[in-house]
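Next up: the structures, one after another.
Two complexes come next, and they have one chain in common, chain A, joined by chain B in the first and chain C in the second.
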Partner chain A sequence: MLKADIDADIFRETIDVISALVPECRLHVGESGIRTRAVDTANVAMVSIELSADAFNSFVATEAELGIDIAKMKNILGMMGKGDVLKMELPDEGHKLELAFGGYKYSVTLLDVNTIRKDPNPPTINLPGKAVLSGASLNNAVKAAAVISDKIALGIDPDAGIFYMEAEGDTDHIRLDLGGDDLISLEAAQARSLFSLDYLKDMGKVMSRAEKVEVHLGIDHPVKFSFAIAEGNGQVEYLLAPRIEAD
Partner chain B sequence: MDFIVFSQLCERLEGISGRLEMIDVVSRAIPPLSEEELPIFVRFLMGKIFPDWSPLKVGIGPNLLFEAVAYVAGKKKGEVIDEINRIGDAGIALEHLLSSKEQTSFFSKSLDLVEVFRDFEYLARIEGTRTQREKLKVIRKLFADAQPIEGRYIARLLLGELRIGMGEGNMRDAIARAYQVEAALVEHAHQLTNDLGEVALLAKNGPDALRTVFIEPFRPVKMMLAQQGTIEDMMKNGGEVAAEFKYDGSRFQFHKKGDESRIYSRKLEEVTNALPDIVQHLSQATDHDVIFDGEVLAVRDGRTLPFQYVLRRFRRKHDIDAHVEQIEMIPMVFDLLYLDGRTLLDEPLLVRRELLETTLRAHVAPQVRSGDPQSIESFYRNALDKGHEGIMLKALDSLYTPGVRGRQWVKIKPAVDTMDLAVIGAEWGEGRRARVFGSFLLACQDEGELLPVGKVATGFSDEMLAEIYALLKDSVIAHSGKEVTFEPGTVFEVGYAELQQSPNYRSGFALRFPRFVRLRDDKSVDEIETLEQVKERYKKRITPA
Partner chain C sequence: MGVAIRDILADFKSTVEWGSLAGVAAVDAHNALYQFLSIIRQPDGTPLMDREGRVTSHLSGLFFRTVNFIEKGIRPVYIFDGPPPAFKTATLEQRRETRRAAGEKWQEALKKGDLEEAYKQARSSSRVDEAVIESAKSLLALMGIPAVDAPTEGEAQAAFMAIRGDVSYPVSQDYDSLLFGAPVLVRNLTVSGKRKFRNRTLTIRPERIVLKDVLEGLEISREQLVEIGILIGTDFNEGIRGVGPRTALKLVQQDAFDATVAEKMAGFNPGLVREFFLHPPVTGRYDLAWASPDEEGILELLCEGYDFSPERVTGSLEKIMKTSGQKTLDRWF
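What follows is the complex of A and B.
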């Protein structure tokens, strides 16, 4: 059972976080809020998101697992205006999620959860380096790199005390060093890994709205981005597997 | 079955040239398979992903495939295409490229036959705004998890060119041998179900299961085919034959159950939306659940238009409404395969015809029955005068044998030297035609292998070249200078002045003065001229009549 009211923008942001990686997911609903963890079809990127009951204007729920067509949800939420309030309701044993906002009433058929991949277990990884910066500057760097290449190296140079991004095109090269005031904070440890911009472009767009994003890095290891949504009442983690160049 | 085991079997079969040995190897691999694996295994080995009657298509062109491999291997797409050109075989080139991979993933596991199929099925079902991207991710995952040799066969399956020589005949015999049932029973069940994968499951349950197969609406069966023949041969045994006009239209199969109707093309693709008028004509003229076999004619201002017009409608997916008015489509129904739950394939033509005439109130193609060669001859003259291609002669006791080109149905038409050949490559045109393909490399087939017989560059209008370019531009699998190679799929009917022996083409023959006659997009590459037929034509040429 679920009965909740939420600010349209907050819910839209939540769906955007998920839709950057997967077209459908299992959404877990419980007393304390909603959460999901999903891996993209290619097993290269993962998203984990928690939205606490405090993010909602009102929230009552019992434990349930909902199969959500994220792509369809995104289209529906596109209809909502700024400042709208979204009312959600799912009766016990219900298969249709009722969505109401601004005069519209949608009845959205849920997906059979058994047709959706189970929530993946997060890999155990140790990422020693951490840079904290604004989502906007992270997204700008990704966009800059995407102009000349389809992959980007993210790294930390502890001696120089900088977090850097570097991309190599066929003929061009781009590098951005961020240190001191450019960063909110830095835990300096030697780190450098290469990533596909194909994924980072979608993630970057979502992260650009975050005031601060923690970037956890290692050497030829996945990158983990963590940031808050819903005015601190929600927490997101993105994980992206690295590309490892053959010598 | 692990996919690596399947891949190794494919590789082994590729190295076997003898038919019997091939059947033997496959028949041994069949019995240990589970019920879930069996139909997939059978289809995959024949290079098919879904049954022939199924509307599902993975919809992966070479471009998307090369892009996925480039991503996984950390190469540029151009580098992938260069490697394919260098090696000359997409499967093997991709196998090489996949020996080193750049993208890592969180979960990877060895591939399993059934899971690979499920991924293909998912590819076929993906729809919506991010279709291409999601498809790309599925293929990337497959290639990321694939060992290089598995990559070779995944790529070939997706491109629809497995070409390990395992055709329907060989598979039928392998199934029969694996389960110790008669090949004829397997063949019969195959004609009805149109899916050897399902037939294999039936065979596993024994001969009785194979005997109790029925056809059902919305599952198209292959069309019965006719051989070229003469009135004299067909009538030499005396007795009556049935004669019908041979229409210059397009073959179709109409299925109706209750209020629902669907139409399938000769290639068994559903074309219901392209032919709303035919659906209307036929569903109004019968109250029964039926499967009809017939031909669609295009008529404008009371005149029958050439075949090309019908095909254009078949191909068209959008804008049907605008086209419905310009050209009228008329169905001519000449056979009834199914009536209210009853399969009629094993009834003689005479019985099927009588049932057809009582089942369908209009649009039944005229038929004459006669034992007199003279009157058949004049029916033939009459047909040609009316602008038809010729006539069909059918034995009155003939059963409906789907997909079989037997002697029971014979087509009589004026001799023309044309062949249906696969288009396997092209060269860019020059001058006015610099932005389209100008000449095309053509091939006949020999047990599934495509063998070039010549190039055609004449007989095209500029409009036709543009149409062909649009049709073929996404099938390019390799470039080299001015030449491109296609994923085979398109069939041309080509005329020629003479057939010569030639060391220049792998078939050993070359067409002299070839000219393009028309696009046969009702035909698939399996149905093109065989090397055997080419040899036959050559023999007839040099033996004085």
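What follows is the complex of A and C.
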């Protein structure tokens, strides 16, 4: 069972976070809020998100697992205006989620959760380096690299005390060093891994709204981005597997 | 082969687009290899062979189908059968005899010049033997595709992995995975989307069957689905002559399973078969890791080893090398 009211923008932000990686997911609803963890079809990236009950204007729920068509949800939320309030309602054992806003009332058939991949276990990864910076500058760096290449190296040089991004195109090269005041903080440890910009572009767009993003890095390891949404009432983690560095 | 419950599943099949199938697929290796061996043949029934006369139909099928999967965002894991349970022996004996007889009839038909009959008999003589399995496994290893050896039935293992959530769905033409409890089953994942059927060419599309829909729609439990299988016959027991899936469904819905078995299957104890479907031997020890294809190794095996055309193999390899270079999260879970 679920009965909740939420600000349209906050819920849209939540769905955007998920839709950057997967078209559908199992959404876990419970007393304390909603959460999901999903891996993209290629097993390259993972999103996990928790939105506490405090993010809602009102929230009452019992334990349930909802099969959500994220792509469809995104389209529906696109119909909502700024400042709208979204009312959600799902009866016990119900298969249709009611979404009401601005006079509209959608009744959305849920997906059979058995047809959606189960949530993966939280992976165990040791990432020693951490740089904290604004989501906007992270997204800008991703966009700058995408102009000349389809992959980007993220790294930390502990001796220089910098977090850097470097991309190599067929003929061109770009590098951005961030240190000192450019960063909110830095836990310096030798780190460098190469990542696909196809993924980072989608994630970057979502992260650009975050005031600060923690970037956790290792050597030839996945990168973990963690940041808050919903005015601090939601927490997101993105995980992206590295590419193989060409010689 | 497999349990013939197709007639009662028709309402629960939905055709699906390739695009919605991206994910991890547990492919019934024996079923796929048998398909390749029986279908990839010349009009007189001769399979694809290399210079030395070794059959290569299955390698051709496996290679091109797997490439197609990868292109479509499907990451396959092939599940191989282990040793059959003791009570399957009778079925296997029967199949061996059918194949042997078909082999003879194929040769007879060729002598008479009856190509249609020759093709038909040749298909029935197809056999997945040790050499077929070994060569298939070598090819998969070079392609960076994981293979899992089931303790007994591959479909039971695939169902188990789907229940655990390690794979998105099993792929098989047979329906046994549903009896083994697979939440979803996907069929018809062929490259061409065409199938010859009684000299007509049919267009076929991938189809998906959701176990929950079947059980709810027929108002039966999974145990009862297994009972239907037992009444009409499975790979592990002979069914009752004259009882098809619809009759069996009615009997089971009327709670007449035990009485029917007692009356029509004298001396048969269904417990063993039922238990096998509900709690089959499976293993949790497997490693699902996909690696980049070894381009040179594949060319060496297929082109130098089995006389495949280098142009065709290279062309297909290019398609999948594009997506390689990207590691997956598997190794960190």
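Here, the second predicted complex is superposed on the first by the 245 of 247 C-alpha atoms of A that agree within 3 Å, B and C clash if a C-alpha of one lies under 4 Å from a C-alpha of the other, contacts with A are read in each partner's own complex, and residues count from 1 in each chain.
In the analysis below, a residue touches a chain if its C-beta (ideal position, glycine included) is under 8 Å from a C-beta of that chain, and two chains touch if they have at least 3 such contacts.
Predicted model, so just to flag it, every value in this text is computed and none were measured.
**Q** So, on chain A, is it clash or fit between chain B and chain C?
**A** In the superposition, chain B runs into chain C.
**Q** Now for A:Ala71: first (chain B), second (chain C), both, or neither, which partner does it touch?
**A** first
**Q** Between chain B and chain C, whom does A:Pro120 touch in the aligned arrangement: first, second, both, or neither?
**A** A:Pro120 sits against chain B and chain C alike.
**Q** After lining up the shared chain so the two structures overlap, which partner does A:Ser208 touch, if you call chain B first and chain C second: first, second, both or neither?
**A** After superposition on chain A, A:Ser208 lies in contact with neither partner.
**Q** Quick one: classify A:Asp112 as touching chain B (first), chain C (second), both or neither.
**A** So A:Asp112 only meets chain C here.
**Q** In the overlaid three-chain picture, which partner chain does A:Asn233 touch, first (chain B) or second (chain C), both, or neither?
**A** So A:Asn233 meets neither chain B nor chain C here.
**Q** Is A:Thr41 contacted by the first partner chain B, the second partner chain C, both or neither?
**A** Both chain B and chain C are touched by A:Thr41.
**Q** Please indicate which partner A:Ser196 is in contact with in the superposed arrangement: first for chain B, second for chain C, both, or neither.
**A** After superposing on A, A:Ser196 lies in contact with both chain B and chain C.
**Q** Is A:Ile244 touching anything from chain B or chain C once the two structures are fitted on A? First, second, both or neither.
**A** Once the two structures are laid over each other on A, A:Ile244 reaches both partners.
**Q** With both structures aligned on chain A, tell me which stretch of chain C collides with chain B: 55-63, 217-225, 235-243 or 271-279.
**A** 55-63
**Q** What is the shared patch of chain A, the residues that chain B and chain C both contact?
**A** Comparing the two interfaces on chain A, one with chain B and one with chain C, the shared residues are 39, 41-44, 46, 120, 123, 196, 222, 239, 241-244, 246.
**Q** Looking at the complex, which residues from chain B come into contact with chain A?
**A** 71, 74, 76, 100, 102-108, 128-130, 134, 137-138, 140-141, 144
**Q** With touch defined as at the start, can you tell me which chain A residues reach chain C in the complex?
**A** Counting only chain A, the residues touching chain C are 39, 41-46, 112, 114-115, 117-121, 123-125, 196, 221-222, 239, 241-244, 246.
**Q** Report the residues of chain C in contact with chain A in the complex, numbered from low to high.
**A** For this pair, the touching residues of chain C are 22-24, 73, 75, 164-165, 168, 183-184, 208, 210-213, 290, 292, 323, 325-330, 332-333.
**Q** What part of chain A is in contact with chain B in the complex they form?
**A** 23, 39-44, 46, 71-72, 75, 120, 123, 170, 196, 198, 222, 239, 241-246
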